[in-house]
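So the structure is just underneath, and the comments pick up after that.
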Amino acid sequence: MNESVHLSKQFDEDLTGLRTHVLEMGGLVEAQARAAIHAYASGDTAAVKDIVENDYRVNGFEKIIDEETIHVVAKRQPTASDLRLVMGITKIVTDLERIGDEAKKIAKGARRVHEHGQLTLPRATDVRHVADEAIAMLHQALDSFARLDVVKAAEVIHADTKVDTEFKALVRQLITYMMEDPRTITTAIDIVWICRSVERIGDHAKNVAEHVIYIAEGRDIRHAGKEA
Amino acid sequence: MKALTTEQIRSVIARGKLKDSIFQAVGIFCLVVGLLVILLLVGDMLLRGIDRLSLDFFTNFASRRAAQSGILSAWVGTILVMFVTALAAVPLGVAAGIYLEEYARRNWVTEIIEINITNLAAVPSIVYGLLSLGIFVYAFGFGQSILSAGLTLALLILPIVIVSTREAIRAIPAMIREGSMAVGATRWQTCRYHIIPYAMPGILTGVIIGLARAIGETAPIITIGALTFIAFLPPVPFSTTGEGTAGLFDWVMSPFTVMPIQIFNWTSRPDPAFEVNAAAAGFVLMAMVLSMNALAIWLRYRLRKNIKW
Amino acid sequence: MNQAISASPAYEAPKVSDRLAKNAMRNVSERLIEFLLFSAAAVSVLTTVGIVYVLVSESIHFFQNVSIVDFLTDNQWTPLFDDAHYGIMVLISGTLVSSIVALAVAIPMGTIIAIYLSEFANAKVREIAKPVLELLGGIPTIVFGYFALLIVTPLLQNIFPMLPGFSLLSAGLVMGIMIVPYIASLSEDAMRAVPMSMREGAFAMGSTKLYTALHVVVPAAFSGLAASYILGISRAVGETMILAVAAGMQPNLTWNPMEPAATITSYIVQVALGDLPHGSIGYQTIFAAGLTLLLITLAFNILGQWLRRRFREAY
Amino acid sequence: MQQIENKEVPPLKAEARSLNFFYSEVQALKNINMPIYDKKVTALIGPSGCGKSTFLRSFNRMHDLYPGNRYEGEIRFFPDNTNLLSPEVDPIEVRMRVGMVFQKPNPFPKTIFENVAYGLRVRGEKNRRVLDDKVEHALKGAAIWNEVKDRLQDLAPNLSGGQQQRLCIARALATDPELLLFDEPTSALDPIATGAIEELVHELKQRVTILIVTHNMQQAARVSDYTAYMYLGEMIEFGKTDDIFIKPQDKRTEDYITGRLS
Amino acid sequence: MNESVHLSKQFDEDLTGLRTHVLEMGGLVEAQARAAIHAYASGDTAAVKDIVENDYRVNGFEKIIDEETIHVVAKRQPTASDLRLVMGITKIVTDLERIGDEAKKIAKGARRVHEHGQLTLPRATDVRHVADEAIAMLHQALDSFARLDVVKAAEVIHADTKVDTEFKALVRQLITYMMEDPRTITTAIDIVWICRSVERIGDHAKNVAEHVIYIAEGRDIRHAGKEA
Amino acid sequence: MQQIENKEVPPLKAEARSLNFFYSEVQALKNINMPIYDKKVTALIGPSGCGKSTFLRSFNRMHDLYPGNRYEGEIRFFPDNTNLLSPEVDPIEVRMRVGMVFQKPNPFPKTIFENVAYGLRVRGEKNRRVLDDKVEHALKGAAIWNEVKDRLQDLAPNLSGGQQQRLCIARALATDPELLLFDEPTSALDPIATGAIEELVHELKQRVTILIVTHNMQQAARVSDYTAYMYLGEMIEFGKTDDIFIKPQDKRTEDYITGRLS
């Protein structure tokens, strides 16, 4: 964001380290989400174990980044853009960790669904479609963080509405399936959870984007326009 | 609490400013009076003595006839005495100053030396004359010689040299010392590389001011009984006189006279013709002293600017 | 051992025990130098011892012949007459009167000049006036003696026709003029040493220059001022040549500055000019007089040091 | 210069308008425009030599003490809308309305009482009861009354550094100034004493408008309501302290605040 | 936590203000959750509108507290316990805001459920029971924050397992109902969402408790024992 | 005193053991035990008069310069396990192994070159090539070579404050000390110069062990690996800097660090 370098190289290194870790964590979380959806859509549940196990890495990132953040605050007393970056990161990390959780849930749900062997309802591709959109949001949010690109971040926020709408449509569709064939209910509920997680991923990606805007411009746009 | 009105404040200010102006006038008046008196003095001496200020005046011995009297023996004596004085006072004073600032531990010995030096600086010069009379002239048997006079004046200006050395050293921040010691220098290395070089301008100034003071001193030299009428010069080393070849240091034991004594002698003559001589000699002496002082002051202002901490 | 050290090319790490042991040679030479320097410092003590020894030993001889009571109470000083009297008060009176005259001129004038230079004059005036003042401090006293006798006395005689050719007044006045530069210069130094922040503090409260000078700078510099006054007093009391030349050498118990009178110092000069035999009672009188002079200056000095300690610069 | 808009702007106490200042030929302040809001703490920050102290010292005409200094422009003082810098305005009168506290505590070598009474005496106040009252009030205002009330006749320079500085504040307060200037008031003090002074500044703004120069950015953040960043004699940015420290508008302010090389 | 006062009263006031705001926000969120569950359990959906509208207050709190936090960091350079408090609060606030969201979701769900008028499945009291436990967790977590009581915080963390288990039981029960009577599916799904929100409230309460332990002791116990 | 356990303890460079120090009758240090880890930066913090500077100055026997000072206990110096405080150990040799940088930059009023070469000259080094090499090496080490390489014969006091301080660091480095003491090295410098010095300290720990006294807590946080909090001559807490600033163990440390009255 600020192109000039600090008097203290160490400070620059600390901040760069923080941002790199966030991006790494974001990359990991994105990969997890992608793999989970792939497991669900393809039925190839061999990856599920890895995804579940990799979640500890996501959690580890969260703890490390939070620790680094507090160290930077304690040792460097950041102000202005640095401060916004650091405080924004503490928020972003929480969202990323939740995305990690959701990915784990999708993976576990995928395993349950495929163990039941009923993937007629609804077409996995539909879920996959929404999921891809959510993951694209996440990807774009991370991108906007990497470059502190406010325009991109705004796009992410905008995209969330679409994912929400599609999520509702999916759930309605699922309800129809369940009504048509009550034997599918158990599986359908699992798929509902998966869809729900996908929607949450979109929400969290949107949160990340909101934090990016705060970091870049100091404007807190959360909940803006939603209420009086 | 009532606040003062603007008018009240303005009248207070006006009164204060009036006082300022009055004091300023008084200050200028005092300064001008002080300076005028001196100008008057110098001018008067110059006017009276101008006729006598010829080359002869410098190359003639004193004489009973005012018009033929000169200051040869006086200025030569003055220079020789100063030489002895400087030779004795400078190393002693500088060494003592260094000891007190750099080496002395805070104990009773140091305390005594300190008190002693402050008090010595205030001892009237004539008392040094008495000391010298008792010690150098009689106890050591130096007689009424250049050596006695030189040493007397050396003791007289020793406190000045010590004090100015100490002040010069004290102006060197402690952190220079600590900086030097911290890289592993010994105390003497610190003195040699830092303290003495940096204190040099101050020491030099002190020495010159001390010597200028010594040049003008009359009382102690009279007290040791310097002759006022000398029609010869001290023996030049290795020169041949009637009594054989003079040794290298024979001159130091020679009788002598100095400028102030010559002036004193002339002023106390009843014959007003000698007053002219006194004026001329006084002018010469003043020129010597003032130029030395001017040198010292110049040195101080000049060199002080060169060292920054 | 340490990598940083062994990495540097020209450095061979010696054994620790060697390195940290005391270097004997270095110690010896350091001690020797310290001893030499100490000896130099000791000379000043020897000087004092010498002064006290000479003055006291000769005075003891003197007081074997003259009782101290007479010395202090007799109102005549005629040591060289057949009917010898040794009343030191006679000389002290001359000394005090001339000093008081001198200080009455020097202290007010010196202080006013100092305040003017330090607080009112602009930098240019100060830069010229200060060195000139210091120069004046260096003028030999014999020259001032000449001045007093040949210029000031005739001048004063125009005003006071009864003034004799020698008088304490003219000597004292000139002595005062002589002391002004000392007091002005030292006091100015002391006032300059008061930090600018103190003055700014006063000005920031809305005070005028004179108010600042009198209520803030002078109190802050008080110990320096006191020191300069004491130095002035010492100068006046110990001054010799002006008095010897211009005040006359007649012992005269008087408090009237319009009269001629000998002072302690001029008496010593007078005796030294004659040819008194070493060991005679006349010779001893100058040491007794010298001792008295020393005690007087010492007293003022102690007062000065007390003042200085009492009002140590507090900024 | 960038200025943050505020909807609720407090009343003005003073305002610099196109202020230039010259030390002989050197221009130390360049076209400064800045409001000083009434009963607020305004901090001036910037690197050494940026002119912040020079600017501060223009408010009580301290520069008039030294020859060769020259002002251009105005400092308007409210409510009476006087131009403090006008040649017709007597600097002494300005200083009676604008108090100042210096970098190093500079108590006068007098008693504690006389230090605080000084400004009153300068104004010709002689009534002992009035003096007693005002001195007590000022010492209380400077949060030092309890420490010195039993030793008002002690010499002020015997106090500790932090106490001395509070005494200097009391001295300035005794004459009820309308504006109080602080020129790096804590740079000679230890952290504890610094904390006490900062606390005091915070309390004083109930009574008086404060303008403070500090080279300690954090201090500006802690004590001030408004902050101005100066650089090379220019006013780069002025705004609410919160905004300056969290979202400065100017890149140069940002770089300075975050400790970057610019 | 630290009983002595700061050199700067203002700093003390800032911190006290922050904590008070967090507790106020917590109180509000707790009330919202309680009201939402009451609306669901009692069928008295009149309160729903209030709950939904009050959510803007919760969001407002989040923004205000985050702003106060960043101001404290910028202006006071907190360290040690102060720093942990401030950083902990930024995290807690996120959780509280999410709880507020969940309360809103419960309220909206309750309205939908009661509009359909089918409240036979499962007995609202069962849901209410779990919800009470979750809200109790929240209450206790806020309590532990108010007093920085580590023991109480640990109890909250412990209690979360129970809520999770009961949530799963509820969902299983709901699936049974759905299978028995597919017409209830729409409503059941809404109730599933309500249960899910209740479970999330428990999770967030647990998060709050974890942050309290970090604030009090500097130990980051998140994800502890869950992974290698 | 509380000490945080670390699993991976770096090697020791020095260790104070039951160190007491007396200024005449006043005990300034009370039973200090503290490790100094090799190639690490250890910061000493605490309020004025807590003894941190006194402790620092024990490491190069600076107190020996002034009469009446007395040590008890040991400062062990590794790897050779010498007790620096032993009367048999020559303080001059100690100072040759332990460099020091002072609060105010104190370059000698000599040329830049001579300043750096001074420590070598004191050791009797006369070979010009060796001097040239070492001076260059030291100036590079102190990150000031580029600024001064073309003006080695200029007088050092003409440098800016920050440059002077780096020159003083170069002076200390020229003799390859094993331990470098910094006594509030930036308290006389502006923020920019301070930043440069802190940066340098950070780089120097590659080569040399560093012990730094600072009254600026944030500075300790920024530059040090380990921090010790001292109070009234006692070592209250020693630990990793991260721990001290985020979770100190002792209430007194906590109060100091967070700026509370205790």
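Going by the order they are written in, the chains are A, B, C, D, E and F; count residues from 1 in each one.
By definition in this document, contacts are C-beta pairs under 8 Å (C-beta built on N, C-alpha and C of every residue); 3 or more make two chains touch, one makes a residue touch a chain.
What you see is a predicted model, and the numbers here were worked out from it, not measured in a lab.
Counted as hops between touching chains, the shortest connection from subunit B to subunit D is 1. Among the remaining chains, those touching subunit D and also subunit E are A, F. Both subunit A and subunit E derive from one sequence, and where they touch, over half of the residue numbers involved are common to the two copies.
A separation of 13 Å divides the Cα centre of subunit B from that of subunit C. Inter-chain spacing, taken between the CA centroids of subunit B and subunit F, is 48 Å. Taking each chain's centre as the mean of its C-alpha atoms, subunit A lies 21 Å from subunit E.
Under the contact definition stated at the top, the residues of subunit C that touch 2 or more other chains are 26, 206-208, 211. Looking at subunit D, residues 92-93, 96, 122-123, 192, 195, 217-218, 221, 245-246, 259 sit in touch with two or more other chains. Of all residues in subunit A, those touching 2 or more other chains are 6-8, 11, 70, 74, 77-80, 83-84, listed in ascending order. Taken in their complex, subunit E has these residues touching subunit A: 53, 55-56, 59-60, 62-63, 66-67, 69-70, 73-74, 77-80, 83-84, 87, 90-91, 94, 171, 175, 178-179, 182-183, 185-186, 189, 192, 196, 220, 222-223, 226-228. For subunit C in complex with subunit D, the touching residues are 122-123, 195, 197-208, 211, 215-216, 219-220, 222, 313-315. Of all residues in subunit D, those touching subunit E in their complex are 192, 195-196, 198-199, 202, 218, 221-222, 241-242, 245-246. Against subunit D, the residues of subunit B that register as touching in their complex are 1, 3-4, 6, 8-10, 12-13, 16-17.
Remark: subunit D residues 90, 92-93, 96, 122-124, 130, 133-134, 137, 176 touch subunit B in the complex.
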